[in-house]
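Working notes, beginning with the structure itself.
Order of writing sets the chain letters: A, B, C and D. Residues in each chain are counted from 1.
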Amino acid sequence: MITLEQARSIIAAAEAKADEIGQPMNIAVADWGGHLITHIRMDGAWLGSIDIAIKKAFTARAFDISTRDLAKLAPDGGEFFGINTSNQGRVMIFAGGIPLYREGRVVGAIGVSGGSGVQDQAVAEAGAADFAARELAASD
Amino acid sequence: MITLEQARSIIAAAEAKADEIGQPMNIAVADWGGHLITHIRMDGAWLGSIDIAIKKAFTARAFDISTRDLAKLAPDGGEFFGINTSNQGRVMIFAGGIPLYREGRVVGAIGVSGGSGVQDQAVAEAGAADFAARELAASD
Amino acid sequence: MITLEQARSIIAAAEAKADEIGQPMNIAVADWGGHLITHIRMDGAWLGSIDIAIKKAFTARAFDISTRDLAKLAPDGGEFFGINTSNQGRVMIFAGGIPLYREGRVVGAIGVSGGSGVQDQAVAEAGAADFAARELAASD
Amino acid sequence: MITLEQARSIIAAAEAKADEIGQPMNIAVADWGGHLITHIRMDGAWLGSIDIAIKKAFTARAFDISTRDLAKLAPDGGEFFGINTSNQGRVMIFAGGIPLYREGRVVGAIGVSGGSGVQDQAVAEAGAADFAARELAASD
């Protein structure tokens, strides 16, 4: 399981990336069940992105896929068109949600919202990289 | 914060524009938190637009962007496709919602619904222009 | 039908009463269909009362009864216990919603929220009294 | 406005209290508009309390009252019976939500869920006390 301490480390790494980019973000980390462990809204970040960041984390865990990749399957006419209206509207289908892995299995996810899709993705990747690096260090 | 008196002035300016166009409208003004300050439905305006006007105001504040511009990012295959299913269905992605600025910061928004996108936008702009003019006068 | 001009007169009378009491209120007027005509949130009124004022107006029209009287029928074990979870949660069962009458028929309602039940009721009654007086004058 | 840094300080104080009590908690801080600034779920805290903590913070801000005091007004037959079905189900009416004050005005709220009402209240009070102490220090 991802602990609060680990989730905070993920948030810190993502937050540092957002600061570097210069775009305030909402950042959320979800656990194995897709449930929120912790969330931050950086000063000045969009109000509407609170919900989106939390849902991107849920989505990435719910389908064990990045929301960016899920989006490619969900356009009009796509295999999963309309998936974003399932699960009581908790599914988000644009970039910024990434699964977190431990020993090859998804154990949680990070969700980021507050900028362009490219920015959200970069910040989420920074958080996920922090988790991966610490997992690697812990397994040594 | 936007006072009720200021919100009423915004509504009056927007209403005058709607009268000029000859199209009855629902007009809503939201505060810093996206919450409704005041709303009017002009005689003959659509019932279904009550909800939409209020949500356009929420959306313009939630993402600090006009709903017309947000819509451009949210078509099928767009960066924010599906954003309208976030925030418990309170996000509207067609023209008529505009942020209100004080000293360069968004402090609220106006939402208008009742006609074509072009009409809604024009009425919202009239309301936003009233607020901007009064802010300018107050800062002198 | 209640016009926007009439609804504004109702609001003004209710607002004057709220000022007299010294308690900021949310005040809403609904039409024959229970749909919002206009709403104001007085400066400093509770955010959570926006929704409640609008719903009290809906409720008073939906069941053609004051919400204070409906509440008496809806306690645990009462005939209408649980009614507040019907209609997509739009039913409110405490004082402050009052039907508006024209020639003995309900044509709309006022909903007020922001103080105690006694205060809300008094402000709603002031609004309803304004409408009744104007109807009487118009019928002469 | 409450900054993320201030919200984190509030969380830290509340978390220390929860550790002292020995009961893992969900702790949320909301801003002036009732919107989430930051949230933590301590290891082992209930999943179902994520939502409740966030809603307690919303409620305490929406009505500018502690949820414990609101609960006293909302029993069967009470003045505000049924208030928990307003605001799209975001109103929670048991102890653990407390408004945060700056210069006598509510500027946000803390919401805590994870233990008994007495425990939740104690943890929320620890967070609120931290904010009050820092506000006092800042005003000197």
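Methods note: contacts are C-beta pairs under 8 Å (C-beta built on N, C-alpha and C of every residue); 3 or more make two chains touch, one makes a residue touch a chain.
Note that the structure is a prediction, hence the values are computed from the model and not measured.
Centres computed as Cα averages put subunit B at a distance of 25 Å from subunit C. With centres defined as mean CA coordinates, subunit B is found 30 Å away from subunit A. Computed centre separation for the pair subunit A/subunit C is 44 angstrom, with centres defined by C-alpha atoms. Looking at subunit B, residues 33-35, 88 sit in touch with two or more other chains.
Chain contacts here follow an irregular pattern that is not a line, a ring, a star or a complete set. Every pair of chains in contact is given here: A-B, A-D, B-C, B-D, C-D. Within the complex formed with subunit D, the subunit C residues making contact are 46-49, 51-52, 55, 71, 74-76, 84-85, 89, 91-95, 116-117. Listing the residues of subunit B that touch subunit D in their complex gives 31-35, 88. Note for the complex: subunit D touches subunit A at residues 3-4, 8, 33, 35-43, 47, 50. Remark: subunit B residues 33-34, 59, 61-64, 76-77, 79-83, 85-89, 91 touch subunit A in the complex.
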